[in-house]
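Going by the order they are written in, the chains are A, B, C and D; count residues from 1 in each one.
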Amino acid sequence: MIKRKKEMIAMLLAGGQGSRLKSLTKRLAKPAVPFGGKYRIIDFALSNCSNSDIYTVGVLTQYHPLLLNNHIGIGSPWDLDRRDGGVSILPPFVREEGGRWYKGTANAIYENIEFIENYNPEYLLVLSGDHIYKMDYQELLEYHKEKGADVTISVIEVPWEETNRFGIMNTNDDFSIYEFDEKPKNAKNNLASMGIYIFDWKKLKSYLIEDEKDKSSSNDFGKNIIPKMLNDNLKLYAYSFKGYWKDVGTINSLWEANMDLIRDNPLDLYSKEWKIYSKNPISPPHYISKEGKVKNSLLNEGCIIHGDVKNSVLSPGVYIGENSKVIDSVIMPNVKIKDHSIIKRAIITSDVSIDSGSIIGKENSEITVISE
Amino acid sequence: MKRFMGIINLGENESKIKEITYNRPIASVPIGGRYRVIDFILSNMVNAGIQNVAIFTQGKNRSLMGHLGSAKPWDLNRKYEGLFVINPVLEPEDTIIRKGDIESFKNNIDYIQGSKQEYVLLTKSYMLYNIDFKKAFNYHIDSSSDITLIYKRVDNKDNRFIGCDNLTIDEFNNLKSIGYNMGNDEFSNISLETYILRKDLLIDIIKDSVSKGDSKYLKQAIYNRMDKLKIDTFSFNGYLACINSIENYYNTSMDLLDEKKYKDLFYENGLIYTKIKDEPSTKYTSTSNISNSIVANGCVIEGRVENSIIARGVTVKKGAVIKNSILMQKSLVNENAYLENIILDKKVVVSEGKILSGNHNKPFVIKKNTFL
Amino acid sequence: MIKRKKEMIAMLLAGGQGSRLKSLTKRLAKPAVPFGGKYRIIDFALSNCSNSDIYTVGVLTQYHPLLLNNHIGIGSPWDLDRRDGGVSILPPFVREEGGRWYKGTANAIYENIEFIENYNPEYLLVLSGDHIYKMDYQELLEYHKEKGADVTISVIEVPWEETNRFGIMNTNDDFSIYEFDEKPKNAKNNLASMGIYIFDWKKLKSYLIEDEKDKSSSNDFGKNIIPKMLNDNLKLYAYSFKGYWKDVGTINSLWEANMDLIRDNPLDLYSKEWKIYSKNPISPPHYISKEGKVKNSLLNEGCIIHGDVKNSVLSPGVYIGENSKVIDSVIMPNVKIKDHSIIKRAIITSDVSIDSGSIIGKENSEITVISE
Amino acid sequence: MKRFMGIINLGENESKIKEITYNRPIASVPIGGRYRVIDFILSNMVNAGIQNVAIFTQGKNRSLMGHLGSAKPWDLNRKYEGLFVINPVLEPEDTIIRKGDIESFKNNIDYIQGSKQEYVLLTKSYMLYNIDFKKAFNYHIDSSSDITLIYKRVDNKDNRFIGCDNLTIDEFNNLKSIGYNMGNDEFSNISLETYILRKDLLIDIIKDSVSKGDSKYLKQAIYNRMDKLKIDTFSFNGYLACINSIENYYNTSMDLLDEKKYKDLFYENGLIYTKIKDEPSTKYTSTSNISNSIVANGCVIEGRVENSIIARGVTVKKGAVIKNSILMQKSLVNENAYLENIILDKKVVVSEGKILSGNHNKPFVIKKNTFL
């Protein structure tokens, strides 16, 4: 191991199944779910790291990691294939005493203390692999230093009526946090945690070790570590984030976030300043035939369009046959939709083939998901 | 086919394609919305298992070097072999530039000799096709000939191969003579300028020719020795294009709007690799109107596009019309501009309302970085 | 996932703790133990794959994989960083039904059937990550095909008196195997299994699925799969290997194998034909001072020698102080031996610092192991 | 220091070091047993965090290109920046070679301009040192000067810096004038030819000089403008060597046998990176006799070596004696040969019993690939 001091390294939690995504995560981890035509969900956190000059990233995997491992590789798409540091995939493993799966978010970090200590960081950035946003973590670190905080938690204003879906930070005027309210019925504040933390590493480490000894703990940051720190009067600050942020944890929010990309929205994927990187497919430009029509949609490499595409997001390699219509839908990589089919308000997952004459989904209904 | 090395000789005639080769060799002319000309021959080689490729340039290669980079997209970023670009050496004492390419082969004969492969696939870049070279290799190895030359029998009626080498072949597939294709005959056997031969023989030809001084060009050196060599031919039947004039460049591009030719060139015997650009999805808005076109990633299409090739990162604003045109990467066509039979080189900006119209047989070329 | 047919892919078992190596494997997997100055044990199997043109390798990890993962990366040292295939690290993982650790060698392959099927191979090569040898697996495959075998097991002649330490293959004249004798008291043959198998993948797959259903099975190739296949009269052949081969499973055999490298032995590490690759340290050439003496030893980058080194193997970055003597010993990376110390018949593990005036190990005694 | 880009200008005077620069620029002269001259400046740059380096060559660069490869050892194989080698462009119509380097800077000014860094570290390759450039950068940014020039105050008694630029500096560290070091004075302020300046300023100087035609060389163009610019100096105090003559090359190599200088050059402010060769351990036999030498990996030493530098892959057979010599890579010295004060270039073979002896002040150089 190369041991070289890094000011801050990132740990990216990517082990979750994401069971609310149902059949989408049957055989792949949630962070590996295709998103926005070209990406997988985890690309946003990885690209944010790279764009923020954080070149040492541990990715904690556990659930169906094959596709995720294959996607990340050594991190070349994000320029994270570095001589010192770079991206490391950290699955659970067997020790002399036996194997231990990751029990909760805090435990996953606990089990990798040895990895973190190799870089002897002052600060630890803890991220989730399942959010869609662009953020400069260096600015977060600057804020953390300015405040002299032990922990900084990035928060976003949510509509008051939705506060009961989030972990809410109750803050003083100076943004110091005095209370953490998990999914409150009557919220005192509307600043929701984005699951992005900067910790003073030495302090976090001692809390992780303490928490591990507590057999009743669920070893989770939100449920155990943060409340304990608040209780001990550590300095916790909220960092108020203003841009686009979306947790794509449900079928509905995943569909919504895809549709957001067609509308004008603050998540500008076309700017050169803060590119989102992904593994690139090896395919020619897409082809639209004489009969093909495309409106208000995203298309990608290798698509062949003979039919009609409207308000939809198409991943690479999608084929749309003659007289077929795709409306208000998300079509994942290499889907083949044969002739004379109608797809409305649907998510079609990778490699699915839709027979001629199929009718899938309905207007004004729930989102239909079709998977293999 | 680890017994073969590839040599691509970029000494190619640019006299009829000067409009797009001011600053680049033919090998790095953008084509098909996301490729450079050389991508096709390189991909054919690596798809056949060749792991050692030398490119002999003629200078003027910054665009080529930028495109090839570390050769990772072609999987030629290998530890000990992979891709090697050889530039002509100019001693400071030289006061004249030597003409021809054989000098450069002679200067680098130790590189060729030192490679561990027994056979060479010697070729150029300006012919576009998607071939399974393994079949040609096996044909050569099973035959008793010194050289196998690959050709295609073409119909001369659309004059696509004027100026190419025209082979006369006997009943046993052996080469009888080589001429210059004037397009007078109904059919011609067009040389792909792709030779399969033992490495030793190639080295002998180079050394013998240099010591005798009988030719400045390697191709000529081979032809001069035709009577002493047994030259067999191998017929290729797929799609073939030849990028040796601006008309051929335009017509070849338009060929790709035929789905059969698109699939033949991009998929038939293997994928075509190129430099990665991390472009986002292409966005079509509610005002876009697209038909019979191929469009690469990273574009924003708000206007009307018909029978055109749109490269990566192009923007077509509202009300603009693009017909029968080729737009190279990062062109910007502003509102209500009208383009017909136009080739825009890279990063051209067309201002609002501008009307540009070329002749269908002689498209009009706008130089790189022009603002008009 | 890229799905491209491969004739044969390799699965490398690297999950074992190697508990007989005691403190050497307290915090790293056995295949990651340093060997022969420059290498880790697994380098031999990985280099054999690369040199045999097998560019798709799954590495099955389980026990303390951090260092092993870091060492392998995406396989660049072995030229296994390939666009299609390359090296994939395969840890145990969590499914919808929960997580499962690898139970035995056969179970580890069973759990990765999905990975293997991605490449749709005809043959599966199964290797151990803890043997020192050079072998061309293509020759093994040729033999397998010639014999029309369902399974080919590579074997080596061992002295008759040691047959009770090995799995012995009892064979007919044509090398077909009729019986497998695990550590026999009275061996009928002296051909020991080297833990290297080629299987017909389709057949193996059905045996793996069957074996998994059998709750009483220990899911091991040697104990379960091979005996079952013999019982079913499948065609199993032994391939008799003639070169150097050593299982470095004990402290003693690890020390012996290191000492073998100082003697003249058939494992020629200096030949260019079959190089053994590893991650290369970033260190200057070694330095021997005016007082330093070196005889009959292997030295590596970054060593600084002020003392006396005899019959020893030194890894990179070792420091030997003035008037210190190192005899018949194996010194692992970055060990510092201060002045006036004597080290005899010892293995000193990575990063250990030996104080001035220490006396470690004795002649004619057991090997002394010093670890942190 | 992502605000800085590096430019290495290889227009270096080879007139006194012709013996080892027939086929290579000074930048790729082998040194220190495993390095090339350029490794030191490149490593200094990347150790300071520079991620964008352009090397301007003067042709004759095949050995350099082979050494740099994809720039992976320097972690400069980056996606969008990294290492870029720029060769002089020669138009086929040119009939004379233009002298000087400023032409090449002018031709590539768009590359410099297009880089996103604000500052440039402009330097050459022939000075060897291990520096923390971050300190110099900070000094420059905090100062109000246009250019900061790095120098070292050296003792002239061993005539190591004859012909270098000699700075006259006022009491405020500002540059007063530049002369040619004759070695007459006891001490001289030797320029490291390392300039820190804003990129804009460099571009202005190049453009202004080309349009005025006042200099063929960039260095001269800067000096011509000294009266208009505020040039500050920054003092370096570590080990410095200058590879501008064969004597300096020899003496610098011998310096490395001093452990303090060895550590200073190879470790002081960061590691030195170089091309990876996968050489095995160096083997010493029972007949070897080694003292006061540095020896790279992959050697087999059976003879006697004293006060010498032995590069990768050298073989010294039994009874051979090497004294006060430099053996470049893959040299072979056969039985009972005797070498004193000799420089063997790469792959020299010295036959059995041969005696070669140079003068200590004027070592004898044997050309690459010689058999004698």
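We take it that contacts are C-beta pairs under 8 Å (C-beta built on N, C-alpha and C of every residue); 3 or more make two chains touch, one makes a residue touch a chain.
Predicted model, so just to flag it, every value in this text is computed and none were measured.
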Could you quickly compare C-D and A-D and let me know which has more C-beta contacts? C-D
If you take the mean of the Cα atoms for each chain, which one ends up farthest from chain C? B
Taking each chain's centre as the mean position of its Cα atoms, how many Å separate chain A from chain C? 38
Determine the centre-to-centre distance between chain A and chain D, using the mean Cα coordinates as centres, and give it in whole Å. 46
Would you please write down the residue numbers of chain A that are in contact with two or more other chains? 76, 81
For chain B, what residues touch not just one other chain but two or more? 72, 77, 79, 278
Interfacial residue positions of chain A with respect to chain B in the complex: 36-38, 76-77, 261-262, 269-270, 275-278, 280, 282-290, 292-301, 304, 313-314
Would you pull the chain B residues touching chain D in the complex into a rising list? 58-62, 65-66, 69-72, 77, 79, 84-92, 94-97, 108, 111, 278
List of chain D residues in touch with chain C within their complex: 32-34, 72, 257, 259, 262, 266, 271-273, 276-278, 280-286, 288, 290-298, 300, 309-312
Under the stated contact criterion, what part of chain C meets chain B in this complex? 53, 76, 79, 81-84
Residue positions on chain D within touch of chain A in the complex are 2, 73, 75, 77-80, 273
